[in-house]
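Below you'll find the structures, each written out as structure tokens.
Here chain A shows up in two complexes: once beside chain B, once beside chain C.
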Partner chain A sequence: MADRVKLQIDGKTVEAPAGALLINVARQAGIDIPAFCYYDGLALQAACRMCLVEVEKAPKLLAACTLPVTDGMVVRTETAQVREARKAMLEFLLTNHPLDCPVCDKGGECELQDAVFRYGAGESRFTEEKLHVPEAQWSPVVYYDAPRCILCYRCVRICDEGLGVRALGVVNRGATTEIAPNRGDHLECDECGMCIDICPVGALTSGIYRYKTRPWEMKHVGTICTHCGDGCKTTLGVYGGQIIRGNNRDRSGINDEFLCIKGRYAFDFVHHPDRLRTPLVRRNGQLVETSWAEALDLVARKFSEVKARGRKFGVIGSNRTTNEENYVLQTFVRQGLGTNNLDHHRTGDVVSLVAALAGRQGALAASADLYQRKAALIVAADLAQQHPLLAFLLRANWRHHQARVYVVTPGPVREDSYAVRSVRAPSGEELAAVESLRDALAAEPELVILFGDSVKGERVRRLVEFGDSLGISVQYVCLLDYSNSRGAADMGVLPDLLPGYAPVEASGAPPGLTLPEMLDAPDLDVLWVIGANPLARRALTSKEAFVVVQDLFLTETAARADVILPAASAYEKTGTVTNTCGEVQRLRKAVEIPGTKSDLEIFGLLARRMGLPFGPWRPEEVWEEIRANVSGYNVPSALLAAGGAFPTFPASGLHSVRPKPELIRSAGDTLFTSGTLGRYCKTLSSVREAPGTLYRS
Partner chain B sequence: MTFSPQLEARFEKLLRSYPPGRQRAALVPMLLYAQDEVGAVTPEVVEEIGRRLGVSTLEIEEVISYYSMLRRTPAGKHHIQICTNISCMLLGAEELWEHACRRLGIGHREVTPDGQFSLEEVECIGACSWAPALLVNYDYHHHMTPEKLDRLIESLRKPQ
Partner chain C sequence: MLYNEPSPLEVRLLTRRFGLPNSASIETYLATEGYVAFRKALQMSPEQIIEEVKISNLRGRGGAGFPTGLKWSFVPRQSPKPKFVVVNADEGEPGTCKDRVLMENDPHQLLEGMLIAGLAVGAHTGYIYIRGEYRYLIEIMDRAIEEAYQHGYLGKNILGSGFDFDVYTHTGAGSYECGEESALLESLEGKRGIPRIRPPFPAVVGAFQCPTVLNNVETFCAIPAIIRDGGAAFAALGTPKNGGTRLFAISGHVNRPGVYELPMGFNLLRMIHEVAGGIRNGKKLKAVIPGGTSCPVLKAEECDIPMDFDSLARAKSMLGSGGVIVMDEDTCMVKVALRIMKFYAHESCGWCVPCREGTLWLKKLLTRFHEGQGRRSEIDLIGGLARNMLGRTFCPLGDAAAMPTISLVEKFYEEFEAHLDGKPCPYEIKTAVRV
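Here is the complex of A and B:
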């Protein structure tokens, strides 16, 4: 019992681990002790004095945020003396705090407002005039209103400790103390907005959301960010049919409350003026608006005709559409069009990893493993830029559990600052450098290996062999770029693999053409592109090809199309996506853009027009089909619907793959770019750090 | 930027006096010594010391804005710092302060046009037993009166 103690809080007997902080022990027991400066996971500050409590035998009130519990402690958190102390502290905090709550963004979800409501410091004895300082804009997304600031330093600590950016500091002293940005009058940072969310008052506000609405006027929709592959939950604030805010204050996802600039602000593409809202068809060389019925008829007629003549289709799927859409797409293409010419832009070699790990359980790391495992090795990725959540979790693991991190990258990365070893190795030559870390890695109790796109094909197998030879438990993360890159592979949007990585030969048909093979085929009759922009990187050889594009914008690929069908984005539909760690999560529809249709709905309408024996589809039904048929996806639907994240592990029987390393290429997105979609996110390009560079930490 | 060999030697000794890896602890004395030589903590001084200690400009800003003894603009050749804390105040520091302001024609943290004198009202300088007290640069002057202050200013005016 030495490591457990028994204490009494407000007459309630509570058991807790010795050394735990009283504030946390009380909160776990359902007794809320208010605090501004104390923040779970950040360094202790003990500055705000709001958490003062009465402890028996202590001569005066003690701060619960820094008090470790001991056996036999008797604590009272709501006595008259405690209430009086809190009220007095609030009176101090309000000496310079303006009472502009009616127009403050934070009004209604302000911790200071709540505390004053609770302790009633409604009257002030101060007669001095309040100090006023004009508010400052530090970046397109961050505003600072100094008089509202109560100097809890949460923002300073989250930026320094949480992100490792250290863009905020504290200047001056006494009543004139202020938070200051790192570049004099502006910020140079990740622009993640963590400082704004963590602010207990309205001192730091968001340039995107400020003065738009009152918090209680919004509908809050928890969905999954559509940008990188990490799969953060972002809670979208919807008002008047518009998304006006993104955050995750309810800590509901795998990301807790973390979001980068993309998850927090890059929802603006949804309402971009260039958004396609009407189908377009090419007439006399020009793209002209048409009705959905006409556009779908034209596509269905063309598809049926080309199919009947036994000619060549090429179909390119998306890294951002849902699992349900990807699953239906491959069904449509294989069974409806009779071809395996189906592929997507592969941003990492997850196929080779699945093959190399065939038959094992638990060899893929979940995102939580990055926070819990004792050691990690990053190979060929600028994690803080390309995978902000994974970088945040790993850094938190180092801060809280002293995790040992090893880095093998072509250039400097932020993780170097706390890594036990950092080795520079040119792209493609990382494995030799990894080998040089063998002794150190073998001495670790366990390891997570994260690898980027230059570890592909044969190198993935060699990396796994290396992991096996260490004699310790090793888990892997194949880093992929986009929100459902993993799902596209899992659902068989590949020319040689069916859903769950089953070889197509099992179905009796030969593998189809890969993405570049389709674009290079001189006799391609139809190119059907769903949510991808392959022609931005490679020209289409077949001049005669009939091109059908489903997308949000008039991309380079859409500009070549004969028919463009305006598609709904991830924030406008339900379904599931699978992140780079293989965790499947549910999308929830936040808004609807008139004129667009989800890709799933489009597939159904086409199937009906072509007289195919399937469709229309509802996401929930397709999900049940995926659960039943796709290896690794038999996860509990109810919990998923409640917002959970479940690891999927394709237990493939796949022992040999035809490695196609030439097909694997990351888009190399930074914190401020997001493939073609990023171009339509004004917030991303508005910050001065954009577009950013990798390996320039 | 470069400092005098004497200051460099002082920095070197200073940096050696902290355990390895804790060199940033030398920040405050380095800023103070650099200020003594350069006259103020200029942006160049901030940049140079930041570079040497691996401390960001923002972190140095935090320190400069916190400590009143660090100045961004040069003080006078003779920086007169008059304590007006409790012991000195009870023994006439306020009259002394007002006299100094009138005599030099400047106020708190101001410099005479010839750059000879500057004035600063400071908190306790640890000379309560000899109150009222003041400092000229680093030198103490005890039991001050307006007359003694006049004589002090005259003697400082004379070329040394």
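Here is the complex of A and C:
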């Protein structure tokens, strides 16, 4: 424990750890010191001079952002001299600032505006000509307007320190100093927009949001990103029924302010012109528009008929639908259709991990553990490409806490740049390389092991055995691709496991067909696909199968359908999703797309038409049922509703797995892809494909 | 001619070899007590060397006048890291050109000073950061370094003492700001020449994050004399707390501009009239900037003053880098303010707000003012803006821009008034200073 000191700020006696920065100590005491260049968690700059305060015995004003507190220090933050200095700094800043606030995207959310409003002068004394430089577009995502830039260097630091991308730099000197992109006139980077959102003014703006509206005209809806498995909170800005912005400036959620390009900008699929807005049925070989009633009737009739004849169903669930939908789907399929032929595209072997851990509490890492634990081992995963948040958290852990990171991957990854050891091992042969790190890992006080899809089946058990044999506390993350991949497994969208990984045998029925078995079965009568695109990768063998698809777009699978029911996306419904670390979080509905229905609603309508003894369902009620019935999900609903993220731990786990490694395969998405959905995100297709993980420098 | 005609009033200690044939060669150096001080220092303990420098009352010749012995004593004795000796040869202060003649005429004196500093703090590597415009000096220094290696004064196990020392020259890569010690270190490391947050100071965390002794060329050049003749002898040449001699670069409207080595505390008026031959064309003295453009201006009547750090501080100016800029009665002080501000606006690194924006604003304002487009209220604005910069910038460059400006407005207010309301500059034709 560091020594504590007592000091006085504006007459208040404050206690703080010795060496803490005055600006933070003051803020914690409720005294706000204005700052542009100081930014939590990033390197100190002392450049903007907004934070100057009076310190007794100091001959001049001192910058609070770089001043460590000492015992007995007496600080004044609101004296005439201090206010006068702030006013002077703002006057200097405004000399070359264009003052085009009325048309600036940042207007209303601008830290410079706010500071001038609080501390600035009422009139301008500057009557010279302003410097002007034309605005530049650096990428489809990033625009830079140099005259608005106040040179706080936040963007440079977040890109360098935060992401390890180092795409932004500083050029020229004096008043002509500017921020510059790494390729001279354009950017080659992650296009995450972190720099844009961290910019206190409107110097960096996004190609997606520019000139769309004024911030106060939007409704802000905090929900969970629907793309990768990391589960970032994203706040969607809705104007006129359209999502026009995504960010996480309130720094809530597991991701603080982090978002990759997908969470920040890849919401545009919602309003894509190809979006299905009417049910379609196949007539004379053609898909034609029809009404919901007619489409649902047709499906219900067909399902009832096939069920009555005891024939074969195959049902494929989704990695992106909610826990509630997945839970209801498995109830519907098992109890309503009387089959276990239920599966989803498994992107990582969480089933084997749960089995190997056999209910051991605390053995799964939460995302916060990636920021806090002393050491981590990445096995067979390109974190920066496939799990941007986890990569960000791990890097922050290294920056702030000197975390020791080990890497075992087939090729170079961005984490190599700070890893203590990087070992190259071909896919599938990583465990031997992991073994070679044994002594180093055993010397660590604790460890988080993250593993990708090539560690599956038997290898997962061996990896856990390895972890156990180290004699230190080890936690695991089974890396999964999409926003609710983990939830699909937890909710039992599997042929052999019920919700909470309880074996189906317990219910007396044999396990059902797996996804490829369904597609390969020559006698399949019905294929029902909810939010998945299995036919993009594997053909459907049964020519006779009646295919029902619930989706947003006319995918390869939908193109083969007999009935297509236009579904609502994650941004159009409520419910919960569980990320790759097993944290459950709540979705909030941002917009509604006329003509579509949520999968949960569709299930209810079908159940009623089939005369089944359940439904309709409301997400809140299903959630309570999940809490009561699914092992590990008994988390506090109220806190969840308030935006919390809770780790779930499937406690049963004592099942015997039938390892089916052939079923496990990551879609291998990059920063700029997101499975089938990614094709419908214009922003993702507009940026230049990430050149691997590493940028030329 | 390498160097102006010497003056009989000079006390030639650091410049004693100037004018000797081949003064830059190691042969000349060795023939004139060269490396004697270093041999002596080899027999001394680090503490003894530092003590001798403290006794000498040597104060940094780069501008700030910090006591050199004290600075060296801040370098941690026990450090697991290597230590460095860095020479600030960026010599960017307008009106200053003394480091240049020291390196040109007597490069070995500088190397010997570095070697002794290395002994004093336990450093084995030295860098000489030479401003880009002094490219020819890099050749001279490199030649001297080569000679020193050949004669066994650099390299491994120097003179069989077990002491190793290597020296490298490094071209300046940036603006005036790169002469500021922490910006210099950044530049030396290959980064943008932006100053660092201090503390920590270079003595503790300097080049490559290691403890570093960083001094001006002239400061290092004084070291051999101090060790050779003893600190007390050096101190005795100057005034209390201001030891030794100093190289004054006298420029402007004098008959014999040049670099003169004079004892600390030498009277400024005598310097102008007796050393530099008086004001040109029989004109009257109007003002002097006593230590490079970063220093507040002195009016003629303030110039009867001993030139040492403390006397000038009492007169609210500074001895700075010893660049004495003399201005006669025909000089337009608004134009002086403008010319100075142009320099600082051009050289500001741009890191911090008040300097980056303040120098540009003042440059534009003064330009307009000098063209006769000033308004009365703006006279105070000039001083006011400079005061808004003063003491609030990230590094002292902002102060350096503000201080002369404030003093010019204060002391020559009526000249600013003479430029108002479209009046042409009353000195326009006669002024020699080109803007």
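Observations, loosely collected:
FYI, the second predicted complex is superposed on the first by the 684 of 697 C-alpha atoms of A that agree within 3 Å, B and C clash if a C-alpha of one lies under 4 Å from a C-alpha of the other, contacts with A are read in each partner's own complex, and residues count from 1 in each chain.
FYI, contacts are C-beta pairs under 8 Å (C-beta built on N, C-alpha and C of every residue); 3 or more make two chains touch, one makes a residue touch a chain.
Worth saying up front: this structure is predicted, and the values here are computed from it rather than measured.
For the composite obtained by superposing both complexes on chain A, the positions of chain B and chain C are in clash.
By the touch criterion stated above, A:R311 is placed in contact with neither chain B nor chain C.
Applying the stated contact rule after C-alpha superposition, one finds that A:N182 touches chain B and leaves chain C untouched.
Shared-chain residue A:V170: touches chain B and chain C both. Annotation for chain A, partner touching more residues between chain B and chain C: C. Look at A:M89: by the touch rule set out above, it reaches chain C but stays clear of chain B. Of the two partner chains placed around the shared chain by superposition, neither chain B nor chain C is touched by A:R301. Common to the chain B-facing and chain C-facing surfaces of chain A are residues 170, 172-173. Contact residues of chain C toward chain A in the complex are 174-175, 177, 192, 197, 345-354, 356-361, 364-365, 368, 381, 388, 391-394. Chain contact summary for the complex, chain A toward chain C: residues 44-50, 52, 59-61, 66, 85, 88-89, 91-93, 95-96, 125-126, 128-129, 131, 150-151, 170, 172-177. Residues of chain A that touch chain B in their complex: 166-173, 180-182.
Residues 56-59, 61-62, 65-66 of chain B are the ones touching chain A in the complex.
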